[in-house]
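You will see two complexes here that share subunit A, one where it goes with subunit B and one where it goes with subunit C.
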Partner chain A sequence: MNKLICLMAGVCLCLVGVAHAATEDPMRSPGWRIIEQRFFADQTVVFDDRVQVLAPQSAEDTFAVPGFVRVDGIEDIERLVVITDLNPIQRVLEMDINDAVKPAVGFRFKVQQRTPVRAAVQTSDGTWYLGGTWVDAAGGGCTAPSTASADPDWANRLGEVDAALWARDDGIQRLKTRLVHPMDTGLVDNIPAFYLETLELLDEKGDVLTSLSIQAAMSENPVLSFDLAVDGPVRLQGRDNQGNRIRGMVEP
Partner chain B sequence: MRFTRTRSMMAAGASSALMAAALTSGTVVASDNNVVTQQMINEDAMHTDRVTSYGMGPHHQRYSSLDQINHDTVSGLVPAWAFSFGGEQQRGQETQALIHEGVMYITGSYSRMWALDAKSGEMLWSYEHRLPDGISPCCDVVNRGAAIYDDLVIFGTLDAMMVAVDRETGRVRWREKIADYQAGYSYTAAPLIANDLLIHGNSGGEFGAVGMVTARDPRTGEMVWERPVVEGHVGTLPDGSESMTGELNATWEGETWKQGGGAPWLGGSYDPELNLIYIGTGNPAPWNAHARPGDNLYTSTRLALDADTGEIVWHYQPTPNDHWDYDGVNEMVLFDLDYDGETVKAAATADRNGFFYVLDRENGALLSATKFVNEVSWAEGVDLETGRPIETGNRPGNPADTEGDEGESVVARPAFLGGKNWNHMSYSQRTGLFYIPSNEWEMEIWNEPVTYRRGAAFLGAGFTIKPVYDDKVGVMRAMDPKTGEIKFEVPNRTPLWSSVLTTAGGLVFYGTPEGYLKAICDETGEEMWKFQTGSGVVGQPVTWEMDGEQYITVASGWGGAVPLWGGEIGPLVSHITQGGMMWTFKLADIQTAAAR
Partner chain C sequence: MIRLLLLGFLLLPASVQGYSLSPQQIAPGVYMFEGATEHFTRDNKGDIANTGFIVGEDGVLVFDTGPSRNYGQSMRLAIATVTDKPVVAVYVSHHHPDHFLGNQAFGDVPIHALEHTIETIRRDGDAVTDSLYRLVGTPMAGTEPVEPGELVTLGRQTVAGRDIELIAAGGHGGDGHADLMLLDHASGVLFAGDLVFHERAPTTPNAELGQWHDALDRIEELDFRVLVPGHGPPARGPEPVQQTRDYLRWLEEHLHEAAAAGLDAAEVMYLDLPDRFQHMGVLEQEYRRSVAHLYPDIERATLRDVREP
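Let's turn to the complex of A and B:
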């Protein structure tokens, strides 16, 4: 019986291997095979120019590289993931997309070395559409201490939320927020991993607009922006990996 | 456009279930047989395959009926595995391990916690609490252990938080603030599970903190009741109504009660049948007793609290108007005592002040009080009628009576670190004796004027500790609770700062700052085994059985209050090197094979 299972597993591996060989990475990233296995195993992946990541060619500040994901012309998107192939923490964020929340997100992230930064969006049929760009960097963004880790008073401002809403001409509200948090990766000696891991946007009634899962690859004091197809105030609530809660509210 | 800034609420009651649902990565749901219930904790001492509570049972006897390791076999006790407390944070390992379903849960200095495979010592997960720089633990960065309940493991941190994590994954389930660390509060004890509640005190008596016992729903962290332990302060009952502790100014003249100390910083024991929680309270603040005339209830006191409401059912105060920092926090060990031909539900406690008290745990009546250290200068005895000490007039002078700032100093025995400190004694059901890790030392102490400043030390006293004898500070003593007789003594060059474990194998296990885990005969004190762990042992040995083999585990890692506050004891311990290891022992395979 055990042998049979082994045999079947072996067959599966082979098939997966064949499938992998079929998805050629247009970015020619040395990390793609690992990324594919870790995040997209057994799933349909399409590289598509309609998924765009805007980021500087070269990172000026490896601790906070600005990035923006924009997707035009793909319908029925349900998930959006941002991945950096060659960072020790590869996934930057993951969020729900729906009628109220457009597949557009701005963020700042850490870069450990020159790496592709990719966005992947998943449609309701399960297909992933990927796009991305390379960011060149001097490196070290994930393995240097946060500014907060050297600040004796870091706890006083922990969890502060700054936020603003702009109404655009096309009926979309742009939400921009900054959350005060060290976002320590745990990869620096004697500084434990300490980062925001969930964030939710809610409407006035308390219904969840979107949920985000965040990793410590996000910059210290994360800055995020979203395009919302709803009016009215937005509430933010989240939690870090040590149970600290954050909460904020912003009105148009 | 409007710009809004919000200071987030760190601990307001957002539903943790909602938060858990928002997590995208899957969490493993604990299987039913891995859930820890109140009943399992109540019966902890009856099961040898687990240690589900601090104290090895709610009675805190630290006794195991296991006897595979005994007088005949102990020579074959060898390390099974060791685990490093890691990095630069090795010092001060006072933890007691919990073991359940093959997993060991331990805490470490600097508010850290690990789950280990109890068989191999391999780490399953770790939790490292991010501490602010401004924490102010009086007596080192220690932690004494966790509590397990349901599918959670819960511990307190140096920045005065309670943190509950999923036992399988190590992910934080909830976190609640005990008090403001910037006002001098912290937490180092192991919390207690009693009456399906999470019970914890607080630390900070050296900073004018106000002692408080709090009960929470262990699943959510929500507060159920809280009871301040200084008279005049107002507590909260489960229905949300308020009630005052004691009576304002009844035993405490003036205003100092407002910052009156009494921190119950060591946690408590529990009688499930009586539904009473037994917890001790710390020294009153400031140390200078001239600033607080009266008995100062309920500081330096043992309390029995109704586990349903937190109300004080009875109290016993070993050191009224404490002038010597004789915290009354030491554990109450619950046991059955033959007294005048009857079996009494008794509790015994070895106080910092040098006396060993036996109380009726139903009503707090004092049954006996005996010196358990040779040298007690502040009182010649205890009046069994009134329960009050017969003082000798050994109090430091009032600074107001002298010129300059310093009052007249006195030499008092024991020193403020106590005839016994936090490290727990054990009661052997085999011998009927208590094994007390005691210390002989004295102090010079004097008073100074002091005013309260938030977050700053609030003592009003100066002091220095000295040894009493040239050749020993620590003395392991076997005490008969019926007679007060000391059956044997085992001296130790340095202070004893490790808890004690007794077993049906006729052995008493304890650690020494010299680095040894020792096993002595429970009848004679004869040393039967020792192992050098590499650093001072200030941890708490426990034992359990797994796959037919008896295991012993203890944390090694010198630290705690002695190197910080020990005065002239310092030179005795300054050579002790740093280390931080969890050591686990079992009988050598060859020997167990032979025994089979």
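Let's turn to the complex of A and C:
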């Protein structure tokens, strides 16, 4: 009986393998198979030019490469994930998308070597739509210490939240924020992982607009941009992996 | 092993000649080697900056040494086709690798530079050399950073019988006296280093824009007849100074406007650039690098502290 289950499992794995082999990565990344298995196993993946990642072709500062995801013309998006195939920490962020929060996000990330940076958005039917671009880099972004780890004063500034809101002509409210945190990866000798793990945006009434899960692949003192379909003040609250909380309230 | 040795012998002269530098005379006794108005590539061998030399009564003065040991050696061979006088002094304009990594080829000559340049090469020399190896590859073979050994004496002076003036300014290489210029009074040739770009978008990794503008104003007041920019073709007037100033002014204003509109850095990198700069080499590439260098501080000023207890 056990043997039979093993055999069936083996057959299933083979089938899954075959199905995956059909998903040809247009970016021809050597890391795609691993990314596919880790983040999209058994799910429908479509490569779609409507999912765009803006990022420089070459990283000027491997500790803080700017990236911006924008999606045009895909409806019913519920999740947005940013992934760097060839970084030791592959997922940069993951967030909820809904009527109040557009599928757009600006961020800064670390790169260890030349890598694709991809955005994946999942619609309500479960399908993932992926787009991305390559970023070239000399490396070191993930395995070099943060500036904060050498700054005796960093603890006093931990948890600082700077932000502003812009009301745009298209009715969208842009939120930009900078959060003071070392975002240590844990990949540097004798510096443990220490990074912001969660961030929530809430409206005036305290209702959650979106929740983000963040990884240490995000740059030190992360800068994030969001496009909100709601007016009014926004509260930011988050927590790092040691339980420290951050809180801020930004008025239009 | 023998094959390796043979390979070494075969490659050595070829790689030195790989640069095939030919001196361009820009005034009596004054020559330059004009680099490509590009970014570092394997094809251009890193030869993207201008270097030059002045033939004096009893020796040759060299301004900047290029991106690699091979380039520096090629310079010496090319200088020898013009004069048999010895090179007696080398001046390094600033610490960027395309301007000083040929120093090795001038190990027998005093190399002069500003304190900022010497200290920055001491600190960052290995890192910038590594990154050039990565971008340029084989033509870098054997190149190591050599720190200039002499603190430059500023002001008007006679060197090798030439009436020259060494002028310190800043803004491109960094804060304070980070950029050295050389004015040859007899010919009126000004080697301006990277304070002036021409037909090639300026680079800003260490830029202090206010100081850079001050330096450009000062250059226009100098009594020069031929201007050798750090990158791009030489000119017989101040046009490259105006071009550099126009671009830097635009860049700063443009980035402030983008920050005031709440744009994210990656969005700013992909904005359309004005037509009047489209003729500049590597415009998009340098513009995007400049966003990475300058935008973080500019956008920070648009955010306010919203922390709650």
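Some points to look at:
Here is the rule we go by: the second predicted complex is superposed on the first by the 252 of 252 C-alpha atoms of A that agree within 3 Å, B and C clash if a C-alpha of one lies under 4 Å from a C-alpha of the other, contacts with A are read in each partner's own complex, and residues count from 1 in each chain.
One rule holds in what follows: contacts are C-beta pairs under 8 Å (C-beta built on N, C-alpha and C of every residue); 3 or more make two chains touch, one makes a residue touch a chain.
Owing to the predicted nature of the structure, the values given are computational and were not obtained by experimental measurement.
Once the two complexes are overlaid on the shared chain, A:Gly159 sits against subunit B and subunit C alike.
Of the two partner chains placed by superposition, only subunit C is touched by A:Val223; subunit B is not. Of the two partner chains placed by superposition, only subunit B is touched by A:Ser211; subunit C is not. Once chain A of one complex is fitted onto chain A of the other, the partner contacts of A:Ser29 are absent, as it touches neither subunit B nor subunit C.
Contact with neither subunit B nor subunit C is seen for A:Thr44 once the two complexes are overlaid on the shared chain.
With both structures placed on the common chain, the touch criterion links A:Met249 to subunit B and to subunit C. When both complexes are overlaid on chain A, the residue A:Glu94 reaches subunit B alone and has no touch with subunit C. Comparing the two interfaces of subunit A, the one with subunit B and the one with subunit C have residues 159-166, 246-251 in common. For subunit A in complex with subunit C, the residues that touch the partner chain are 54-58, 60-61, 64-68, 106, 108, 138, 159-166, 168, 174, 176-178, 223, 225, 236, 246-251.
Residue ranges on subunit C touching subunit A, taken from their complex, read 130-131, 134, 205, 261-262, 264-267, 269-270, 285, 288-289, 291-293, 295-296, 299-300, 302-309.
By the touch criterion stated above, subunit B contacts subunit A in their complex at residues 1-12, 14, 19, 22-25, 87-89, 127-130, 132-134, 159, 163-164, 171-175. Of all the residues in subunit A, the ones that touch subunit B in their complex are 94, 152-155, 158-167, 182, 184, 186, 189-190, 192-194, 197-198, 200, 211, 213, 237, 239, 241-252.
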